[in-house]
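Which chain is which? They are A, B, C and D, in the order written, and residues in each are numbered from 1.
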Amino acid sequence: MGQTISEKILSAHAGYPVYQGEIAVVHVDGIMATDTTAPYAITAFREIVGKSGRKVWNPSRCALVIDHAAPAPTEKISNLHVMMREFAREQGCPLYDVGSGICHQIMVEEAFVRPGDVFVGADSHTCTYGGLGAFATGVGSTDLAAVMLTGKIWLKVPQTIRIEYTGTLPKGVTAKDLVLFTVGQLSISGATYQAIEYCGSALETLSLSSRMTIANMSAEMGAKTGIVHPTGLTLEFGLRYDWTPVLPDEDAEYVRRYSFDVSALQPQVAVPHSPDNVKDIREVEGTKITYAFIGSCVNARLEDLQQAAHILRGRHIHPNVRLLITPASKNVMLAAVQDGTMQTLLEAGATMTNAACGACVGAHLGIPGDGEVVISTANRNFKGRMGNPNAQIYLSSAAVVAASALTGAITHPAEFL
Amino acid sequence: MIQPLRGIAWASEKYVYAFDIIVQRFWTSPIDPVENAKWVMAGVDEEFNKENGFRDKGYTFIVAGHNFAGGGKSIEHVVTGLMGAGIKAVFADSFSRLQFRNATNYGLPFITCKGLVQHVKTGDELEFDPSTGLIKNITTGFEAQALPVAPFVAEIAAAGGLMQFIKNKIADGTVHELR
Amino acid sequence: MSGMTITEKIMALRSGRDRVRPGELVWANVHTVMTMDYLGKQTFAALHELGVHEVFDRDRVICVSDHLVPPPTPQFATMLNEWRELVKQHSITYFYDLGKQGIAHQIMVEQGHVVPGTVSIGTDSHANTYGAVGAVGNAVSVSDAAVAMAIGKCWFRVPESVKFYVTGTWQPYVMAKDLSLHIMGMMHWNGHLIYKALEFEGPAITALDMAGRMTLCNMTVDLGAKNGIIAPDHVTQAYLHGRAKTDWSMIASDSDAEYEAVYEIDVTNIGPMVARPDKLDDVVPIEHVKGTKFNKAFVGTCTNGRLEDIAVLAHILQGKHVHPDVNVLLVPASQQVYLDALKAGYITTLVEAGVAVDTPSCAACAGIHTGVAGDGDVILSAGNRNMKGRMGSKNAQIYLSSPAVVAASALKGVIADPRELS
Amino acid sequence: MDSHACIRASAYVYEGALGDNIDTDRIIPGKYTKTLDISLLASHVMEDLDPEFRYRFIPGSILVAGDNFGCGSSREQAPIALKAAGVSVIIARYFARIFFRNAINIGLPVLEVPHHAIAHGAILEVHLREGTVTDISAGVVYKATRMPKVMVDILAEGGLVPYLQKYGDYVL
């Protein structure tokens, strides 16, 4: 019987062939927790271990990342960071401290996760690594504590939805628009408990960064994981290692199939207060904004910053707008400094923060005010998401954010291309 | 014409910190001379550590040493509390800059007079003429000369504070005369 | 009749008098009034309370976002938006909001809003920094600032002047911060410099660049002084050229001016200095604390977040990596400093060396956000204050030093002497 | 927890648009999650969705919601906050994946009942092992979606921590 990518990867990690609907215990290749989830995971881990002296199953495969509130905005959070540093030292786990960047970007950049891996992260956007062809899924803190101890996780092998994209993305239309469109089509619960396979000719030329953007928002459809077919995948971020693509069998069984032609796709915008509230940009153009944000694990890589810089070059943002940029990682920041992108952005009136989750999670570093309207490259616009329930958040690509920052209203980037 | 002031002094050479003049639990209370006076100086000396403990002594002057009301606290309760307790002038070797500004902005003269504290004991009767700066210790006969107090300080006190003082000046068109 | 010190001259000049005496209260014309994000709304509210709805000069009221950017809470964010509306309503010409922001004192000097011979006030204690260009800079309360915004005047007590005559040659890697800390140790915090005007003079001062002069004047407030001042010279002239927003002229103390005290310091004998935790004036030569372990390092603030400070950091960390047990945070003092550091290649060098670079702002120095200290943190900071709880937890320890010491120590993971770098 | 026991309590129901897609940001806003103090979590639970929740919800009651309960982030603080606020069981038509796992892992019983007409205030009797919900007020018995055995076992032990303390590893 044919297998989907998820079934193939999970079979390889279970030690025997598994199929959708089965419960399996699989070995994991790596795990990760952040400063939001690690403190609970550490507490649970210590509780399970008790005085037994058991350690993390493989410290070198267990990463801790300080990214959700970095640098610490309060004393309490600073104390949680202290706790993480102590645990990392005690167990010998790698710790990515303040300034390293967003966990998902780091996991890929540091080759902590590779194509074909099973990866478990205590963050819902762990599915980002599906852009690399890994089976990666988000779990909670206690689940992660159990994996820390055992190196294994129990999973229900998911059914898979296959989404095929044909045609070529028009100029100024990005992977973010493609995935926002998809979230709009499938809805916020359209893939609950299921895996998504993204494939088709339109994706084959996409960069790893763009593939990560697509896989990332699988979480917004409730999916367990989302994997982009590795056809045409080229490593990025200076990564160099050998890998074997895992592709589905021709007779693999899919629960649903979709096919979209992206040739006429317009930039997409998710309007408040749900990521599946997606509209064609023409329907929301002119909506006044005062705060523009480029950041988060979905769209803060070099190509996003370059997209923005391309639009902002030689121009200055609207006087009523604040444009905040939070690069996805230290390396992204460095690359943007070295190729002049950063200078262009700063000269256009943008403000740069250190590499972190920043304003996306609403812990600090750019909370909107009451009644404020935000255009953001992030992946969620739930009420209160950026820390203020009285703000309106619109989601889009970096190109749309940059164009909107110039005019003070939601704007089609074509005007500036 | 500003009349000379006469009254009894409380004197101490030791450091008098702002956070002892108004102890921490009263920092957040509203600015109100009567309220602020109830526990003023409570942290400076045990004998003042009861309701109206300092006010009921009936002192008119404070004579202090170095860095009166120092310690880095800018709370205005220090000045309003002292005024509410009947203090009309404070003499010291030096003052905290923050509290000097607060005092002047409420119209309480803070007068720099080096070494005066060595010639005044608590309970001595003093006379002070703000327009000449002359300080007399009636009890001992000692005299010291300080700078006269700028007349606008009394005007601020009469107006009830800097803001009203400036409002009055704007209203009567004399604000440009301030120098 | 004796002459006047530079501070007395400025006070006399700006209050329309021939001369002033220390201790006297005068109303002086202010050149600029600065207010920042977290007190801005309050200051405008106080202005309105005076019944005034127009500032005395919209080119001379400077508004800066520095303490609360990017906003860490919805309450602050909302307050900032309300403030933005007020700034707009008053047609303030110079509004350094997010995008053009920086620490207010850096902005005031760097953007030429303070010039020699004038008096400028701000609603933050480190306004003393303006003395670096030969101006009297002073911190005032919200109501004082509101009054000045209304009528262009503020009252001052003319301070007694104290002179520091500094001679000798600066040792390599010894910075103005070390001199500041040395004076702190010598005179003590809230010691006999309370309310004084501190005048810095002498060949070792002339040798300082503007960044060093700003550091020196900045920290005079921490000595309890009213202001710190350095008479304008060729360095000042060169710095202000193309930068000063208004005309200005040279001014200096009279040769027969009277000082309450004159201290002579030979900088040749001063090495890197460190203030130990909790007490600003517990200052020791670096030899006493060498080898002390710490886990966080911070370079930034209105004391040491300038391009020259970042250059020293970059020079020492060039091609190397910070110690794995240490997290190093750099917060440039302004957006302009960030851009200049970027163009000079320092940002690349530092990020490669493992330094986290965050948004120009006051950051964790004020303990509000961006790097707040946790329990047990030991921090080596190039900032200006190390009192218990200053950066967050009361159970954290803060050592203060120059950026050069921070850089050398960041490499070693323990407090280290930059002069010993091979 | 004795998984053979039944829980009897009244229903606290979110219906219609308010009851569907209740995301973790609305259960506990991200700004409150950076703490290990669970009483603090409990005091902010549901505050953006239902500011009255903390006053009106009677501890011990059963929370009943619609589709896709707990979508959004992986924060375990969401079920922890609900449990700390006194929620004894959550019934939804279906749950978001990570929330479902998290709830079981911390020992908060969750049941998926795809079709039901439970009214606010109805007295319910929940049998976890059998996977049934009896609406005593209406006199109707609903069957919950069957859970994998491993989940029932984890719940039976009161959560993943006690489960692993007991077994040391997953037992299928």
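We adopt the following convention: a contact is a pair of C-beta atoms (placed from the backbone, for glycine too) under 8 Å apart; a residue touches a chain by one contact, two chains touch by 3 or more.
Just so you know, these numbers come straight off a predicted model, no measurement behind them.
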Quiz item: Between chain B and chain D, what is the separation of their C-alpha centroids in Å?
Solution: 63
Practice problem: Averaged over CA atoms, how far is the centre of chain C from the centre of chain D? Could you give it in whole Å? | Solution: 54
Quiz item: Approximately how many whole Å separate the CA-defined centres of chain A and chain B?
Solution: 62
Exercise. For chain A and chain D, let me know how many angstrom lie between their CA-based centres, rounded off.
Key: 27
Quiz item: Going by the touch rule set out above, which residues of chain C reach two or more other chains?
Solution: 73
Quiz item: So which stretches of chain D touch two or more other chains?
Solution: 31
Quiz prompt | Sequence positions of chain A contacting 2 or more other chains | solution = 74, 77, 80, 367, 387
Practice problem: Pick one for the touching-chains graph, please: line, ring, star, complete, other. | Solution: line
Exercise. For this structure, give each pair of chains that are touching.
Key: A-C, A-D, B-C
Quiz prompt | Residues on chain A engaged by chain C in the complex (per definition of touch) | solution = 70-75, 77-82, 85, 97-100, 290, 317, 322-324, 330, 333-334, 337-338, 342-343, 346-347, 349-355, 358-359, 364-370, 372, 387-388, 390-391
Practice problem: Provide the residue numbers of chain A that touch chain D in the complex, in ascending order. | Solution: 23, 25, 35-37, 39-40, 43-44, 47-48, 50, 68-69, 74, 76-77, 80, 121-124, 126, 138-143, 145-146, 149-150, 152, 154, 156, 188-189, 192-193, 222, 224, 274, 361-363, 367, 380, 382-385, 387, 389
Quiz item: In the complex of these two chains, what residues of chain C are touching chain A?
Solution: 69-74, 76-82, 97-101, 295, 327, 329, 335, 338-339, 342-343, 347-348, 351-352, 354-360, 363-364, 369-377, 392-393
Quiz prompt | Sites on chain D touched by chain A in the complex | solution = 21, 23, 25-26, 29-31, 33-36, 48-49, 67-68, 71-77, 79-80, 94, 96-98, 101-102, 105-106, 148-150, 159-161, 164-165, 169-170, 172
Practice problem: State the interface residues of chain B toward chain C in the complex, per the touch definition above. | Solution: 66-67, 70-72, 74, 94-97, 100-102, 104-105, 112, 146-147, 149-150, 152-153, 162-163, 166-167, 169-170, 175, 178-179
